[in-house]
């Protein structure tokens, strides 16, 4: 063994020690739980293999959305010197969020309710989450499958934010931000709406995450990108996307995965899944075409980046409504997505002047909110008996609830994000140095270059 | 709000107005239908969740074939200045074809028969297409799932054609062409064969679309590329593919998606799906190896592009036969695909001198027709009781019918395409200017460049 | 027809002749079998469509792992002049291994046992493998589905090896090596462990292929890369990966596909699949984070390549244990994967000095063995009643058996590989010439360049 | 001896090469450059951020020739590279002191 | 006439271009090069294989100007490209014999 | 001072750089070029369309040195870049008038 190796081993020792400690402590706790899981399981509901197959596939699809889907979609949009850093943001977010989810996140989000605000720790470490279905969270699939499916949502949500702060945030600050944000923002919001919390009790409808996923992350992203400041040279220096084919690949994979995201949220392979699948696809198609047409009229040429942006806007917008609206609703929502998001990304953002590097706010934030409103308008019990009727089906109350949900989630997310980032800024700083930004985050933060000819 | 924004808003107004009108008119029509759907549904057949799960997954896979699969496969093969344009062709085709499909395409293709030639408008706007199965179109899956699965076929078929006319067609002419072609060619042909039309009544067998998808699109592509003329400089200037790794990625994704295309056409997760899955995979493997060997002997070296072309040829060729032939048939069909398509792409095309940019005719057209003949030879009721026996199983009649199908589809497609393109040419022109072609379609049609270093 | 075409036709004639002969001979044999399949099938077990849907999807996922997943993961890591060659290795391996599998490989691996060492030829050409389930190999899915699912494992295993010998092996020698290796090494090892052979009889546990896939291929790769010698210039000339985004794409697709690999090995859409799915995902997440942290401490910066390597190490390591261990076991195994594989790749390999181009040994070999030990430690009947208890659940015997399995598979693989390569070396040589290596394998072996600006 | 550098439109490369080969030039070295001049670049738009590139892709050809060949080379390039529109490019001529062929060590005009 | 070649830091290109345009330069040709000099490259690590690149990305600008303009051009480049840290780059000046504008056939200073 | 331009085979870059550093050269600028000459390129085939590239990837090294160093630099490059096969490349030498170091404003040989 070379002496270099010896000294290297020493550097690694601390990690080894920490890991071993975790191993011992954790070992005792978990082994108990694994056994406990067996005892605690209820035995009444029956697993349906077809439903389970579809949610297994959907879980894989949603994980694929984060890596490589979102990672490459964002990565292709940055400048060449920052692609690896941008991909890593999604990549590591997936890992950290997943680990936190099984340790305590799932319990806080979906565990037994505490005051309508958050779950308790009963299900920490997946205690009691096994092969038997949960009566509410998918009565025909193993509870563990539901937990896992939701894990992928908990992973992609913070990853979405990274697009707004790309190309200038310190890697370590980003990790802390993503981690703390998951606990402080995501788990509560998820609980309010999907875990039986106060918004759920009010009857708020969010099929696959317009508020839980898109509004929460995008409003946080808005705060974050303003606090972080503009990239050096923005908006005077042109910063064109360095690799549009990679961006298009990412967009295509996101679309593909979104079927798991939305149609999977039916928690079974049934008519509702089919209806959500169709609504998702059609809204994306309509939004793409609308975006293309507006851009053509407004700028003179239809662009590939515009079409991809329209598609993602359509997908984000239909998300909260996919399982509640019929074909007509889906078309209207796609239409609205194309028009409104186009205006926000192409006109409002430049006018307001914040530097949301990859347009998280205009696409996901605006889209998510729009879709929640759309559900308030077009939802119909004829499509989903477990849903509700929207304004156009004679029930104005739902729209009110939807607006409350948007306001509550947006406000809560923004305030929490502001506090979290202030603390991180004081403790360790948020932004790389000017020289590091100049050189690119790939070299300065990661010691790598993406391409070698 | 800046004054720039104001003037931009004005430009967008017309679109907003059009959209709102569609909204109002459509709204009335659709809402009625959504309700009607409830009433009209039959209640006898039972949805099987396992079958439904597989067709949901297959639908997602087939959509993924078009974007990003085909889009990148074609995009990697063009020159660098045309990749975005080529990707957009598939991308927008997916969107337009899907929208048309739900509005009226599905009804024209699969709706109640009108004289064996086309469906009627009964199912326009998905009226009556809901969670209940249709007795013929998948008795164990929601009718809406079948509609959606077929939608993806209606989307990829015109997209296939774009490979033949890439690098020189005007974007707007392409849109009109794809749109009109879908109505005039695809819906009738699809109805003839899969919608209970005259060819179906004659007993023509086309499992997953050798005639409906490949022959129709490739023969049209042949006409289109001849009418459009050669690319400037072809064949003297070398036009090597600009990014083979992206092409290989596309080929791999196409293969992956093709399992949904062919095995999904069993409309269930059963033995037939398994058999079609194996046939598909093995034919592709055999065709790849055969192509590689021939190229090695003939040109001295086996190439990556050759292998990928062989694989796609194998996949296209097995498509019509996948659910009717056994292992031996699949191997023979793969063998034939490799040999015949190689000859067409590598020898016949240069000899005949037309400029089919990305070899749609030699790969999809020849492959599709070959596979239809293959079904006529190797089909066996032992594999699929709903099918028929081929020549080698003692039934020469099937082969006759298959040949009629090829001839009818090819002739009809070519004539219609010729007429459509003539009209478009007169009205708006088909081809970009020489300067635009020189500069590349990405900049000239879309104002973008794919890569920025 | 041009005279050039004529002479070309002549060159192709031999291939045509060979193909036709195969066709005639094979035709007789197979047709009998196709019919025989019908007769021989047992009729007792019932196919479950949900389980079948999941294994169909899993088969597609595992095929996607090889192409484009592994192909691009490896391809992005090589130098630019060798990417096509590297991709082709995986691509052609997929094709050859699949063809061999249906012809005789499946029978040798899983067919009726001969002395605990190998299967016999009863199932050659898929004789008797049809829609009915096999009582052991998936009692709820068509036997053909199991065969096909296993085919994808037989394809990716030899493909894994190609990473160790990339950038210098002759293409034809590679083909012979992969082909012979499959027969001599893979089929026996697979039979020993999964086909009811002697290791299975001893109670060795290998859920999704730690020994069958990873140890067998990686120990063979070690022998191969030593026999082949170092790449010219290694280790003095820097050989950075030429395209990390493509590598990351490959890694992401591998992760996505690994759900099919591991959770699919439950052979159904059930609680066990869910448990394996979670274990797989969490182990990968933990290993990624651990690798990142160690690298950060040890080298000063966390890298994208490091994270991706950690993820693959985690996935390879959990593979044999995925269906036997609970959450705690998965976390521990992920932890071990990150630490041990890091040391092997980053310190041991340079110290020992062999040139394993893309780190097959340190990631897959070490990972696979580690996971087999992990199963011996953390396996629990509470998770999988068909499994066993490991050391930490009071059964030290299992660990012994696991160690025997590792030793037997490693020893057998290494000896056979050495013999195979010696013979190939004598017959045709293993390595390209210095000039060819200098120029790159893409041009010298395949007459192509990956990128044209 | 003379060094003749020409900045031309990329798609003219093959024609220029052929013209040079025709008059007996046996070697040249080519590189991709970006030119700034009277010719203006195309407009690009990315999500509403519009900009015009000032730098336009060009090809630079370097040919080293004996003094007496220079005029013919310049004439050949001018002829082959010309489209008559702005941005056709320029030719720069300068003197060089010596040439060495690495393979043989030859010097001066015989090394060309 | 003079050929002025400047090797500069890539992110200074726009500033240098603007400075040149300001003093009336109407054309320039730019290429991507790699420089070796006092400035050292960043460390890269790939799976434990560490190395420092000796060659650092630089931009080379070529400007051809009339003799009397040379001093101003040099001054403009120096001013705009300077950061004061190692690696700012160098300017090389040499004489050229002739210039031809391909489009018109003009020669000498009027072709610039 | 002299400008020494060498066109060499790409894989010889490291050796040439080392040889130059050894004899005291402190800076150089390198670019990727394509060469046309006696050496012929490899054959490529794409779906049956075969063609041989006339242009072969080469590396161009530019070194600016004091007059008295020129001979040693030429000798060092020739030695390090030589393989003895066609296509080893060429070295071109010309005079330059001035050098400026941007960082300090130094001029002439001290700026090298």
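Think of it as A, B, C, D, E and F in the order they're written, each chain with its own count starting at 1.
To be clear about the criterion, contacts are C-beta pairs under 8 Å (C-beta built on N, C-alpha and C of every residue); 3 or more make two chains touch, one makes a residue touch a chain.
Every value quoted in this text rests on a predicted model; they were computed, and no experiment measured them.
Asker: I need the common contact partners of chain A and chain F, sorted by label.
Answerer: Shared contacts of chain A and chain F: B, C, D, E.
Asker: Through how few touching steps can chain D be joined to chain E?
Answerer: Minimum step count, chain D to chain E: 1.
Asker: Any chains in contact with both chain C and chain F?
Answerer: The common neighbours are B, E.
Asker: With chain centres defined as C-alpha means, what is the inter-centre distance between chain B and chain C in Å?
Answerer: Taking the average C-alpha coordinate of chain B and of chain C, the gap between them is 33 Å.
Asker: In whole angstrom, what separates the CA-based centres of chain D and chain F?
Answerer: Chain D and chain F have C-alpha centres separated by 18 Å.
Asker: What whole-Å value do you get for the distance between chain A and chain E if each is reduced to the mean of its CA atoms?
Answerer: Going by mean C-alpha positions, chain A sits 46 Å from chain E.
Asker: Could you grab the centroid distance between chain C and chain D? Build each centroid from C-alpha atoms only and quote it in angstrom.
Answerer: Chain centroid spacing, chain C to chain D, equals 51 Å.
Asker: Can you tell me which residues of chain B touch two or more of the remaining chains?
Answerer: 48-51, 53-54, 57, 240-241, 243, 249, 269, 299, 301, 303, 305, 346-347, 447-449, 453, in rising order.
Asker: Can you tell me which residues of chain D touch two or more of the remaining chains?
Answerer: Within chain D, the residues that touch at least two other chains are 31-32, 44-46, 94-95.
Asker: How do the chains pair up in terms of touching? List each pair.
Answerer: Pairs satisfying the touch definition: A-B, A-C, A-D, A-E, B-C, B-D, B-F, C-E, C-F, D-E, D-F, E-F.
Asker: Which bits of chain D are touching chain A when the two form their complex?
Answerer: So the residues of chain D in touch with chain A come to 44-51.
Asker: Residue numbers of chain A touching chain C in their complex, please.
Answerer: 1-2, 4-5, 8-9, 11-12, 14-16, 19, 22-23, 26-27, 29-31, 33-35, 37-38, 47-54, 56-57, 59-60, 63-64, 67-69, 71-72, 75, 83-84, 87-88, 91-92, 94-96, 98-99, 102, 125-126, 130-132, 142, 144-145, 147-148, 151, 171, 243, 246, 249, 269, 442, 445-453
Asker: Residue numbers of chain A touching chain B in their complex, please.
Answerer: These residues of chain A touch chain B: 48-51, 53-54, 57, 61, 79-80, 140, 240-245, 248-249, 251-253, 255-256, 259-260, 263, 268-275, 277-278, 281-282, 284-286, 288-290, 292-294, 297-305, 307-308, 311, 326-328, 331-332, 335, 339, 342-343, 346-348, 351, 380, 382-383, 392.
Asker: Flag every residue of chain E that touches chain A in the complex, lowest number first.
Answerer: 11, 14, 42-46
Asker: If you look only at chain F, which of its residues touch chain E in the complex?
Answerer: Those residues of chain F that touch chain E are 3, 17, 26-31, 64, 94-103, 105, 111-112.
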